[in-house]
Amino acid sequence: MDNDTTLSALKNAVRSFCEDRDWDQFHNAKDLSIGLVTESAELIDHFRFKSSSEIEDMFNDGNKKLKITEELSDVLFFVLRFAQMYHIDLTTELIRKIQINNEKYPIDKCKGSNKKYTEV
Amino acid sequence: MDNDTTLSALKNAVRSFCEDRDWDQFHNAKDLSIGLVTESAELIDHFRFKSSSEIEDMFNDGNKKLKITEELSDVLFFVLRFAQMYHIDLTTELIRKIQINNEKYPIDKCKGSNKKYTEV
Amino acid sequence: MDNDTTLSALKNAVRSFCEDRDWDQFHNAKDLSIGLVTESAELIDHFRFKSSSEIEDMFNDGNKKLKITEELSDVLFFVLRFAQMYHIDLTTELIRKIQINNEKYPIDKCKGSNKKYTEV
Amino acid sequence: MDNDTTLSALKNAVRSFCEDRDWDQFHNAKDLSIGLVTESAELIDHFRFKSSSEIEDMFNDGNKKLKITEELSDVLFFVLRFAQMYHIDLTTELIRKIQINNEKYPIDKCKGSNKKYTEV
């Protein structure tokens, strides 16, 4: 499906869901960002106090993987909704951001390194 | 661009960026989730202590809007990277999650309401 | 109680709770920070999509206020635990940080302003 | 200092700092929670993509430890400010929450275990 689904198609699915419920009135930038923060936190909550091997096991357990995936979908939902409400073309912006990061993280200096660009 | 770009195309752009730097070794679920949390927090930081009208003004200021958009792109980057690393089809999962939410938030009970499903 | 309880007394209460369960082994800096992030997110989740007046009403509803307060306590729990595990004197550090902020946010420039120090 | 400083003393230091700047008007529950979320995220950002041993090294580097500690102080600042603005006695509430957790996490079932209470 990711092979033949456009960003716009997903944005439209999210918009329909929200407009059917008349939620534009609540979906301002501050509250949508709260959505992103809380859903990201629900995702990371699955991994709190867990070791690497315990986490890899979760992804081999269909039920656990599903729960984790649902949190990731919730994050994506709010990314798409934010972009739709504020007229942001995600493709243009992601490509632009990757180009910025290409300069912040030059391959020859960053290959195999976990340093932040401020530490490079 | 969102009109004719697939999710897979964006996933590939993110994968190339990371593989060029040999970053698979650092990109486990816990640390990618930290990425999502920190980038979401950088987004919301723009709105801290700001009123609704101040926030709407930010989106009319090209420079400010660009900064905000870059944070949103960073969140999307980590959503795509998480999905790519853990073989998650975002389209399938988002549609499935919207169907779940359709039942959690029935239109007739939730239209125009900002209540959480636990309060409905 | 806050009038006659020291930071050390609360740190000790938190340490006892964790040591009784043999949890030092899980309480490293990364996972304790996940604790801080997730509990802060559970706090803010109460306010998602809510207006100022709806939020003020919550604090007049004893039951709701209790739920909110419990999330704040969870955040404090992890602050105290982090400090205890990494030998941080919170009083010394908070006072030092307030002094730094005194310079970042000089009263004459910041009085009545919601600008970040980077914008002042 | 933590040995002989009360919670009220720290709350007062935070209140003075904020009242000197006339910031009560901005410090509602939603925005103070954004403060907690963003400062917690700045803390965890230090540990993103870092291994356990790299993180332990940070605490042996005085400069790095100071930077980490400053983020923890920022989190504590907002906990104290939230409590002060909404008349919450942190000592009472923390002790109450620990009692709740004593029942959620009984010692005989949770000793040496990293399971969440929902998994016990």
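We call the chains A, B, C and D, going by the order they appear; numbering starts again at 1 in every chain.
Following the convention adopted for this analysis, a residue touches a chain if its C-beta (ideal position, glycine included) is under 8 Å from a C-beta of that chain, and two chains touch if they have at least 3 such contacts.
Predicted model, so just to flag it, every value in this text is computed and none were measured.
When the contact pairs of B-D are set against those of A-C, A-B or C-D, over half line up by residue number only for A-C. Rounded to a whole number, the gap between the C-alpha centres of chain A and chain C is 26 angstrom.
Mean C-alpha positions place chain A and chain B at a centre distance of 3 Å. Note on chain placement: the centre of chain A and the centre of chain D lie 26 Å apart, centres being C-alpha means. Residues of chain A found to touch two or more other chains are 26, 30, 34, 37, 40-41, 44, 47-50, 114.
Interchain contacts join each chain to each other chain, per the touch definition above.
Partner chain D is touched in their complex by these residues of chain B: 26-27, 31, 34-35, 37-38, 40-42, 44-45, 47-49. Residues 30, 34, 37, 48-50, 54, 114, 116 of chain A are the ones touching chain D in the complex.
Residues 1-8, 10-11, 13-14, 17, 20-23, 25-26, 28-30, 33-34, 36-37, 40-41, 43-44, 47, 50, 52, 55, 58-59, 65, 68-70, 72-77, 79-80, 82-83, 86, 88-98, 100-102, 105, 107, 110-114 of chain B are the ones that touch chain A when the two sit in their complex.
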